[in-house]
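Quick notes on the structure that follows.
In order of appearance the chains are A, B, C and D, and numbering begins at 1 in each one.
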Amino acid sequence: MVWEILAQILLNGFFTGSIYGLMALGLMLIWGVLRIINIAHGALVILGAYAAFWLFRLYGLNPFYSLPLVLLIGFLLGLSIHYSLVKPILKAPELSSLLVFFGLSLVIVNLMLIYWTANVRGLPILYPSYNVGSVTVIGDRLLASVTAIVTTALLMVFLQFTHLGRSIRATVQDDEAASLMGVNVNRIYAITMGIGVLLASLGGALIALTTPFTPYTSDIYALYAFAVVVIGGLGNPLGTLLGGIIIGEAENFTVAYYSPGMAPAVAFILLVLVLALRPRGLLSRRR
Amino acid sequence: MAWQYYVNNVTNGIMVNGTRYYVQLVYYDDQSSNTQVTALYERLITQDKVDFLFTPYSSGLGFTAATVAASHGKLIVATGVASDTIWKQGYTNVIGTITPASKYLVSTIDLLKTYDPTAKNIAIVYSDDIFSAMCAAGAKNYSLQNGFNVVYYGKYPSTATDLSSVLTSVKATNPDAIIGGGHFADGVLLIKQAKQLNVNAKLFSILVATDEPAFYQSLGSDANYIMGPSQWEPDVNYPVSYGPSNQWFVSTYMKMFNNETPTYHSAEGFAAGLYLQAAIEKAQSLDTAKVRAAFNTLSLNTFFGPLQIDPATGIQVAHQMVIIQWQNGVKRTVWPPSAAVANPLYPKPPW
Amino acid sequence: MLTLIGFEALAIAIPFMGSSSATSLFMSVLEYMVLAYSINLLTGFTGYVDFGHVVFFGIGAYATAVMVQSFHALGVNPYVFSIAGGLMASLFALILGAPILKIRGAYFAIATLGVSEAVSVIISNTPALGGSYGMPLAAYVKYDLTSAYLSMWILLLAAMAVTLYVANSKFGYGLRAIREDEDAAEVMGVNTRLYKVAAYVLSAFFAGVAGGIFGIVTAYIDTGGYFSVSKTVEMLVAMMLGGYGTLLGPLIGGFVLSLLEYTTVVYIANLHLLVFGVILILLVLFLPEGIVGVLRRRTRLVG
Amino acid sequence: MATGIILEAKDVVKRFGGLEALRGVSVEVGREEILGLVGPNGSGKTVFFNVVTGVYKPEGGRIIFKGRDITGLPPHAIARMGIGRTFQVPKPFSAMSVRDNVMIGALFGKHGAKNPYEAAKVVDEVLELTGLAGKADLQAGLLNVPEKRRLEMARALASRPELLLLDEVLAGLTPTEIDEALGMIRSFRKELGLAVIMVEHVMRAVMNISDRIVVFNAGRKIAEGSPSEVANDQAVIEAYLGAPITGGGRE
């Protein structure tokens, strides 16, 4: 009996963790490339969740079918945020990007509250669960984790092998050097914001599939996204996915074997420990 | 506001030794912060010069409001404040209208005892906030008093986005009944993942979330059989000796608020107003001390249910929770028998 | 400066004019100002953005609550215990300071946020500190708005005095050098580690005492109210609105922001957070150096 | 010649991962001596400065300053003992005024004034000496490059150091500006009794101001002596004129 429970906990942790990872991918890109603290990431994720939810509720579209539309909305939103809010504060100190994005988060969350109220939203169970021995595999969470892994792989391929991807990675290393080598850094910033918010809405769509949410859930995911990115390190998608899984497993182990109430503290304690040991985060860059 | 309409139009004011008083309501948004509550209640008392007060929604804010009211010797009728501790602080000016948190899940246990004397194991899993924690503690004591054994008693963070591991531990104790929950999102999540993880029990009773129509919208048919405590339901029919009938309240409310069905929060507010009105009429005075004394001996049967307080502390003792159950898409009151419109479907078939 | 003193004398007199609702309104104005000064001592002077500064407010509140619960029988005015709250917050800053201040830039902001969230969860899981029930103090403390008000005034004046001293002292110069270019400052002889921790401990004290005072006056403490991220943001915005790293910035910023908050709450209740978000964005984009910064540029008024 | 040795670096080794930036160099500087430190780019000159000022911890060797072993001390402690330096790329406190920039030097260097008022005298004196008095209230960020270089020197001087490390202060200056700067540096020694180590590429200037020259190449000291001795030293000519590279580190 003990083994089954352990297996179940491990699986739960893997599922939750990979969803955290997927949700944080967008933040990793935006933070790594533009070096700004996008505290509104949680709100953007939940915006994606609402998009998927309403497309399902009004048109009966399964989140996976409505994904292309949701991602397009995300990308366009990212571009508009870049040109309206990000461009002016690119070179400003951290305090400015922190406050601008906190303002943006307040605006998004409260607009959602006004138009969509604080009622619980969530999709009914669309995918059945399977049993492997006495370990239950939750259908939608499995699909979400698979999507997370596929997206991470796609992002790695994109960053590694496409011209656009390489210039993004160069900007992560050192934007001054990158611009010297002919990389149009401003264009990269805009596209990165677009991709970042696209990934956020992808994460949101899968959260809508698996978890009930309200506008207030944004704050929870914003904090987790940062913990994941710091632990996973900047600049590489695999690190973010692993960072998410580490937190997911640690949390679920705390829930099962220590005290469920302490679970959220785990992510933050890990975050602080990683930072205390490596003051500039796992990937300490020259800047 | 509905109560204000009732007093000013239906009973044509409150008769207090000869003069008719009409109700004027003053209210602000406390933005759920204690510091705001202090400022706004001070403003109500000293600037708006109100005679009587109602508490803001949530126990934490209720404390602060009660403190301010007590310092000015004002009476404050509690609605939306369920935690018992407010009545353990030595305040005498706080009048409880709704069933306190510690008794929220009591009627669920009574129902279980009545419909299934063989049931023995109860699992209690609740959200980590003052209200839910108190409900859970109350349920645990009452279960033990009634010979049940509590096979799981644990909390989860109120910010939880995944309860699969909590439910895995609950599943291991294979309980007859699973009760608890907390607020909206986690209540729905609990049921959704219970199904996904195939966690079975003959009875599910979840706090707060089950009362919302959004509960069924989010879960679809999986919501059926799930029960939940509620202070009041539109289809409840208590014997009424004071104040308007249930039908009147529901229909008037819907007329006033572009026919939205009232939730128990609005009914609770109306009942608190009604309770105050009855006490003023009994005391035949607006003086706080006299009205407070009137409450001690007041026992009403209203559309919201029986109302009576414990004279020493002011805590509500008579009002009982009703239990609702989703029965193929419709939310029905199934307990207590005196107010029920349908019998509970028990036991709940496996997922 | 004359208008300032006149303004302060008037404000001190408010509680004695009997209108306690004005007093409690002014209490929250004082809260904004004190917290703006508190965070200004670290973020304003050294540029380290403390995004978890509310942790000191919360620790101050809980420490004071524990003191009040255990020593209320002594008949001491409870607000004295808020000093202990401040010291406890400073002690926490001292222990936390060395490791966390090695972290720079955005990572520091996120690390402090992580600390504040972790402490909040730990407290709400510690039965001795009320666990998820929070700590009601009503039974131990008499509701006394006037002495709460005066304590807040004393705290504000102390915060302003300290800020004035720091601004013109060797310590202040060292902190500003750290803000401009920490590596250059280190090589020029500024003991950057010691100075950063000292600023952190000093700034924690004022937030801690404020937490203690408000814990007593609201007579109920829970992690939700006393560890909320939005309180840190309010401090940062008040400091920035006024002009950070200056003497008068937090005073003006705190005043303007609290009145803004109060009016929006009373008049456009459910929109007020939305409006606050929009103001925040406009403030950063169009008024980065804050009101004092703009004044200084125009009238050479030294902040 | 100077009466005693103020700074003695013995067999200093500094590695960055596999790369050996300094391979056991020994350098001595006498009191009030102007030592020129020259060598091709990447020969370890700036690394040597960073080791002396404590920015880098050496993997080997000792740094003795006025008879005390300061190896491994944090940069602020070393600065307080009386070593001032300028940066190859000027690092002004750009939002602060020129005066406040110099104030930092006066407050935290060896001079260690207790408060800004006590430091004011030194600050004005140094501003005068470096010709920045006119621009005292200007924001440091607004100065032009030569002025920023002079501000670097002013900040270092305000701390009343006994040893001043100048890192390419003459780079990019016009011939007349160079002569002006050399005059300034000579006056430091005369009026303030300073020892100076100058890292420079402007050979003409270094040759005529230095009492002694040390030549680095690829992390090693390859020559030392009076300017004329060094000018004709075979190894130096080879190093400069690009003899076959005998393997060497890149900075």
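By our rule, contacts are C-beta pairs under 8 Å (C-beta built on N, C-alpha and C of every residue); 3 or more make two chains touch, one makes a residue touch a chain.
As the structure is a prediction and not an experimental result, all values here were calculated from the model.
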Set of chains adjacent to chain C and to chain D: none
Relative to chain A, chain with the most remote C-alpha centre: D
Rounded Å distance, chain B centre to chain D centre (Cα mean): 76
Whole-Å gap separating chain A and chain C, where each centre is the average of the chain's CA atoms: 31
Whole-Å gap between the CA centroids of chain A and chain B: 37
For chain A paired with chain D, centre-to-centre distance based on mean C-alpha positions, whole Å: 49
Contacts with two or more other chains, residues of chain C listed in rising order: 121, 124-125, 132, 270, 273
Residues within chain D bordering two or more other chains: none
Touching two or more other chains - residues of chain A: 259, 261, 264
Touching pairs - complete list by chain label: A-B, A-C, B-C, C-D
Residue numbers on chain B that touch chain C, as the complex places them: 28-29, 31, 33-39, 42-47, 60, 63-64, 66-68, 70-71, 83, 85-86, 88-91, 128-130, 132-134, 155, 157
Residues of chain D touching chain C in the complex: 53-55, 74-77, 79-80, 85, 87, 91-96, 100, 103-105, 107-109, 112-116, 155-156, 159
Contact footprint of chain C on chain A as seen in their complex: 31, 35-37, 85, 88-89, 92-100, 102-107, 109-111, 113-114, 219, 223, 226-227, 230, 259, 261-262, 264-265, 268-269, 271-272, 275-276, 279-281
Chain C residues touching chain B - in the complex, by the definition given at the top: 19-21, 23-25, 27-28, 31, 121, 124-125, 131-134, 136, 138-139, 142-143, 145, 214, 217-220, 222, 224-225, 262, 265-266, 269-270, 272-273
Interfacial residue positions of chain C with respect to chain A in the complex: 43, 47, 49, 51, 99-100, 102-107, 109-111, 113-115, 117-118, 121-122, 124-125, 132, 229, 233, 236-237, 240, 244, 270-271, 273-274, 276-281, 283-285, 288
